[in-house]
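Structure record follows, encoded as structure tokens.
Each chain carries a letter (A, B, C, D and E) given by its place in the written order, and its residues are counted from 1.
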Amino acid sequence: MKNRPLYLTLAVLAVVWVLLPIYLVAVNTFSTSAGVNAFPKPPFPLPFSLETIEFFFSVQGVLPAFWNSLITAIMTMVLALLLGAPAGYALARYQFFGSGSYRFLVLLTRAFPLAILAIPLAVRFIQLGLYDTLIGVALVHTALALPFAVLVTAGLFMGVPVELEEAAWTLNCTKIQAFFKVVLPLVLPGLAATAIFAFTISWNEVFASTILTLRNPTLPALLLTSLNEAPLPFRFAGGFILIVPAVVFLFLVRRYLFTLWGISSR
Amino acid sequence: QNNSVLFASTQFRQLEEAQSMRDVILKDAPVKVEFLGQENAPFVSRLIAENKSGKPSVSLAGGLHGDFTALQAAAALDNVDDVLKDLNNVKFIPSMVSLGKLGTNNQKYIPWAQATYLMAAHKDALQYLPKGADLNDLTYEQLAEWGKNIEQATGRKRLGFPAGPNGLIHRYVQGYLLPSYTGSYVQKFKSPQAAEAWKDMQDIWKYTNPQSASYNFMQEPLLSGEVLVAWDHAARLKDAFTQRPNDFVAFPAPKGPAGRGYMPVIAGLGIPEGAPNRAGAVVTIKHLTKPETQAQTLRETGFFPVTRGNLPTNLPQGIKIMAEAVEKQSGEGSIAALLPVGLGAQDGEFSKVYVDAFQRMIIRNQNIQSSLNTQARQLQRVLDTSKAACWAPDPVAKDTCKVQ
Amino acid sequence: MAEIRVEQVQRVFGNTTALAEINLEVQDQEFVVLLGPSGCGKTTLLRIIAGLETATSGRVFIGGRDVTNLAPRQRQIAMVFQNYAIFPHLTVFDNVAFGLRMQRAPQQLINERVERAATLMHIEPYLKRYPSQLSGGQRQRVAVARALAVEPQVLLMDEPLSNLDALLRLEMRAELKTLLQGTKTTTIYVTHDQVEAMSLADRIAVMHGGHIVQYAPPVEVYEEPANTFVGGFIGNPPMNFVRFPVHEQAGQKYAQTANAALRVPDEAGREVLMGIRPEDFSISLTATSDALPAPVRLVEHLGPHLLITASLDDQLIKINADPHLSVRTGDTLYLQPNARRTRWLDPETGFALTSPQEQLA
Amino acid sequence: MAEIRVEQVQRVFGNTTALAEINLEVQDQEFVVLLGPSGCGKTTLLRIIAGLETATSGRVFIGGRDVTNLAPRQRQIAMVFQNYAIFPHLTVFDNVAFGLRMQRAPQQLINERVERAATLMHIEPYLKRYPSQLSGGQRQRVAVARALAVEPQVLLMDEPLSNLDALLRLEMRAELKTLLQGTKTTTIYVTHDQVEAMSLADRIAVMHGGHIVQYAPPVEVYEEPANTFVGGFIGNPPMNFVRFPVHEQAGQKYAQTANAALRVPDEAGREVLMGIRPEDFSISLTATSDALPAPVRLVEHLGPHLLITASLDDQLIKINADPHLSVRTGDTLYLQPNARRTRWLDPETGFALTSPQEQLA
Amino acid sequence: MSRRTPVGGKGPALLSPVTTPAARVRSQRWVPYALLAPSVIFLLLLFAWPLIEAVLLSVRGTTGSLTTENFQRMADDLNFRDALRNTLLLTVIVVPLQAALALGLASLVSGMERGRNTLLYVLTIPLGISDIAAGIAWLAIFTERGYLNSMLMSAGAIEQPLTFLSYDSLTTLLLAVILAELWRATAIMLVILVAGMQLIPRMYAEAADVFGATPWQRFTKITLPLLKPSLQNALILRTIAALEVFAVVSALGGRNLPVLAGEAYNWYGTYQNASVAAAYGVLIMAISLLLTFAYLKLIRVKPEATV
């Protein structure tokens, strides 16, 4: 409150820093291809054109792919939380033999480039009948999101005083009830953050989605593979199309992410 | 869904092309075809994985020669001798049919479309052509001089090569630079003529936009003006010609002391082993190799037919420009450098040898001879591992090819 | 039936022994107060009874059932935490209703009970607030209300009124007691306030350094402290302890004061401690034969009575006197200890020599 | 020089007025105690002085400097928080040393001061522990030590001893007072314990519902409460208030009791409240002409004295009596209020009619 | 504020196992394992097996015998040294910068009163942006005919477009990559840290204030230590991700800035040698685990020193 002008300046700078590149992608998306290749480039979409965007929506499979992405991401989110939060809780609340090894196991999955695991993974998926199913993709994405889920939730649970939980136990709660009634609401913002990670990891993941789907590609699998080699205007438009849902999603969940229970003044 | 054909392809995967593939070219196929564009790596991974698991879902695979060598190495391809027999009324270019055997006794893929690499220039650049130079009969020295003139006039280096991570610079070295100086690209890899070629390339590079090391496609730098003269795959130049046919000219690659090296590119159609709908795949192959379909493919994508016969006349101007240049390039005195044959799984590393050679001598400016020696060793290792015999333009023989 | 039995409970943290072999028996519906200095192990004991802390060794029984291995919720208890532990994300109402909700009590019962507990604790105006919007004392009252609302068989309270003012405290004390009697709750109550302990407890367990040093009804604890610690800890000002040499005469032992000999128990050694409360002297301003002379060092006027600091045999003692007594620093008082309320202790161990009943009977 | 001046400070939370136009002046080196019931605004006022809370309106001056808009660290203060707020990630030593480290004090000074504060607070054995390894009272003492170690110009303490036992408290109180006098610290001390307030304060500010209702030295607050609230809040048991009708005779006003008339101040209306402390009666067991008869309802033996509940004019009162008085429920006492210590108040407003000095002189 | 109930394992409950009711120890000991079980089973089924396969691939020669050949080839490769250096360089530069930036932004956000939710929302947007899309965005800025040059030209600062992204301007190239990475991946850290900060009771900051801590001291002495668990996680996760940077670097730098993950992809996809690719994978994994281990040691949170 005392440094309001300073805060404001910094905030504005931060906002510009984040939004500018996105804006420029948007400018390119709504320019004609001539505009995209022009130099010096105008900072506005001049001449304005919906040509590339329209093309994208006419591409066969964009809409189903969009839904596929959404469903996969939601499944990933749920799975990552279901698997990760209990583990995070265990890491935060208990000292036990093997907790270090567990951390490493979880991180291993993130530490090895996914592409190289692709063939064995795909073979196994085909055998399991998970190939070309959204749940299959979601499973792989879950493995990618799991380290986030585990570690981030562990950090959060450490911040909740055990005593609140103990109070719940004495008030006739099972440990599970205590978790849901007391711990969960307190870490909800953090869990929302975890969920968002899981979601965005899934939403942006290309490689596994490409290999493990065929008829049911996710949006990035459908677009990004082709984008890499598409003419610039398409790449911009494709990038833009991928950014927009993510931005909207974040907008929708921002409430959960940053709800404060007045605990900050505990 | 059961009687539809799942068609995975590394070609025409780019959105617009894929769109024309589905909406135009495959629309009239006698079976329902699901076309899926795929990048090379996932494409190969997937087909191998499907094969290993014993439950393939892809019935038809479209790819470049190199894609098939990788699949063949994993024994994931079915023989298509029967299909070829069925197609006896189609007049394929014979050399392409034999490439499709992948060095085996059986047909592994059916030729589908061909393309090649070309030079493109913005019309503005023509004024700086070295005196006496003929655009259609350029030498590598003249290319360097042209670049120099452009830099002197505009203050910028404006030649361009696709030396980015997804660029095809190795094809330039294999099919253009080296054959033009040595008439070979394997055996004479470290010959003095080859050293000469690299030296000239170093000259050319002096006038090349340094961002070339990140260009994957040349059509965009051309369109944006970052580059005025460029070499690339026809399909990767196409946009420049189709968008601004009046601004750009296409012309054959330069000549060297040994002639004009060039490299034809073949895309083929193969059937994965155990394909769930082999019959449908066969029908689709027949459809795609029909002369009308081949002409349609050219119009839509800039890939040329693999069958003999006259080109259709009603081509868009951009395509026409390229077609003319392609014809000139493969004309008299040109040395056709074929894509590698018989390398199997070593295909990728074979290309790496050339990419690395380029990296060393051009980008990092290392000593030419020692670089050649180092890379030659790698080259020989690749050849030894794959036991591949030499192929055109090197003298074709039975033994494992040796770098001289 | 919810009697509590703690058997041989020990709790060691690293190299600190917080509880050393505690034995405690609380009868059904009894109100027991744990009293002791800071850090003596009160909270630890309470937490072990609640099942929140694992005893290093020993067993806990509630209602005759061995609950040592049971989870807190299986023990039919409720607890007030020393630092409240009220849920920051719930309103006061929801905090208080929490335990009942967990028992799936019908909404009407919840409303009733919450209302009753809130009224008792004077927090009805805040039912819709979040804890962060309350003052410290209000939060503490929420914590108590939360525990009361479930009407548990066993109620454990850890300094539940420490942040309240005297008046409110007095009031709540009385109402708590009535309520808990009505609900037949067995209660263990931790406090550092001896007045509270005296007025609430059926029995007081005085703790010291991880031990229970005395476990008896309030009056007994006050009048017959088991050792110097208890005598010194309880009472304000505390019990006076004066050391005298002992001499024997005709088979009986006497404490040798400046001008009188006082009969002491036979177990006395070479020296003895006389323990006596400040109010247990008969005071005279004129010398009598067997009264002990005590020069006055300081006189404090403390509202209802005078607090006199005097020296007895060169040892300082405190004396409560009638406010109307006119005495000034420098005067000498003549004190006659009330023999029935004098306690004799061993100066080495600090423990009482005999229980006063038998003493000098 | 660190006098504190709070001017017209108001604090409103939503629709709760926590502080209503507070004015308070604390002199340099003065020890002021804020005393009041739970939720009356003590913590809020302290936090506003510390700069942790923004006043809705009003100004705060420290050492003559307007600090209303200064950050806490610019105010040269230290504070003991009601809920301790000791840093969980620092050892006790580092907690206590925190303030000094912030001032970049030399290590030697830090060691010295930490040691001194720790000794004072009896926490030397725990210097290497983390707060989670301490008992409630030990944590509270760490919080106090942390504030003492910086030897600030202004020290704000919010119920700093609430979790300690009487003995320790007594001791710390004494040492605190000595120490703060030595370091010439201006202190504001929040407590709900009136004994503490009485014994520590130079002046007591009695708060009630966001107002300061009386601000005076302890004796004055005790003997001359500004209103019924103060009289009832302070003293244990509190002051008795008995309502009498007033009649006028010869230009003077009298309270009409059962069998006597007591002179009351002239401002009295139709009724008057007599405020009198339980110890301010002369008690007789036999009737005298002007003594007020009071049937005994309950006799409690509270250690140093008897607490008698009796009814006076059908209104219940509490009386402190000598423990030797033999009286039983059902007896009648004859009470003579000590006129000098009787306070007359307006039953409507609750405020005293005149200051007792002038009263009935 | 609380005492952890040690259950099983190393806790003091086991100090005197004779008197401790064995049943209780057993009954509690499995709890953490039960909580971990689902994720462990999941990972074993899905990942351990392919992972082992991939690791085996890296140590098997063409004949199937054990060999270091693949690692040898990796190490001898033209790009290996550069890739290793660039990867480490980027990690070492980007991750600390990101941590600092994220901490700064998190503090900025918590210090705000109005508009904090909006600000936080905007700052987290890059979370939703894939690395490929991010690469495109920054390419549009830094390419020779990009927005930066356009702006500089329009402002008259330069006459000819500058080249930022070529092999002869490695510094600017590196800078561009760093900027893009900062832009793309700071949000992840930010959100982890903000979530962690929300859990720190305000009273600690207040206490620090009262005891004369400047905002900077308060940050370093109180906020940061209390934020340790979250900070540790943010660093670990980001570092691992940073060691796998690829898409953005390749979009901006092409072959000029080889990185380990890029090489792994190339060997795998382009050169079709899964064994050498796996060797790269193992190397990346080794570095990741090494650094993770370092973080766990360096940023240790003592269990007794927590809330």
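Definition applied: a contact is a pair of C-beta atoms (placed from the backbone, for glycine too) under 8 Å apart; a residue touches a chain by one contact, two chains touch by 3 or more.
Model, not experiment: these values are computed from the prediction.
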Check: Starting at chain B, what is the smallest number of hops through touching chains needed to reach chain D?
Finding: 2
Notebook entry, point to check: Going by the contact rule set out at the top, which chains touch both chain C and chain E?
Noted result: A, D
Margin query: Top contact pair of chains, counted by C-beta pairs?
Written below: A-E
Check: Taking each chain's centre as the mean position of its Cα atoms, how many Å separate chain A from chain B?
Finding: 38
Next item on the list: Measure off the straight-line distance from the CA centroid of chain A to the CA centroid of chain D, and report it in whole Å.
Entry: 57
Check: How big is the gap, in whole Å, between where the Cα atoms of chain B centre and where those of chain E centre?
Finding: 39
Checklist line | Mean-CA-position distance for chain E and chain A (Å) | finding: 15
Next item on the list: Give the residues of chain D that touch two or more other chains, as numbers and ranges in rising order.
Entry: 71, 83, 133
Check: For chain B, which residues are shared contacts with two or more other chains?
Finding: 39, 41, 216, 224-225
Check: Which parts of chain E, given as residue numbers and ranges, touch two or more other chains?
Finding: 1-7, 145, 161, 201, 203, 265, 268-269, 306-307
Notebook entry, point to check: In their complex, what parts of chain E are in touch with chain A?
Noted result: 1-11, 29, 31-33, 35-36, 38-40, 42-43, 46-51, 53-54, 105, 108, 111-113, 115-117, 119-134, 136-138, 140-141, 145-147, 149-151, 153-154, 161, 183, 188, 191-192, 194-196, 198-203, 229-230, 232-233, 236-237, 240-241, 243-244, 261, 264-265, 268-269, 274, 277-278, 280-282, 284-285, 288-289, 292, 296, 301, 303, 306-307
Margin query: Taking the touch rule as given, give the residues of chain D at its contact with chain E in the complex, in rising order.
Written below: 50-52, 71-73, 77-79, 81, 83, 85-90, 98-99, 101-103, 129-133, 146, 150
Item checked: Touching residues (chain side chain A, partner chain E) in the complex -> 1, 3, 7, 10-11, 14-15, 17-19, 21-22, 24-25, 28, 37, 39-43, 82-84, 86-87, 89-100, 102-113, 115-117, 119-121, 124, 139-140, 142-143, 146-148, 150-152, 154-156, 158-163, 166, 175, 186-187, 189-190, 193, 196-197, 200, 203-206, 220, 224, 227-228, 235-236, 238-240, 242-243, 245-247, 249-251, 254-255, 257-258, 260, 263-266
Next item on the list: Name, in rising order, each residue of chain B that touches chain E in their complex.
Entry: 39-41, 44, 70, 73, 155-156, 163-165, 167, 209-216, 224-226, 345-349, 351-352, 355-356, 359-360, 363, 385
Checklist line | Footprint of chain A on chain B - complex, ascending | finding: 6, 8, 13-16, 18-19, 22-23, 34, 36-39, 41-42, 45-46, 48-50, 52-53, 55, 57-58, 166, 216-217, 219-220, 223-225, 236, 239, 243
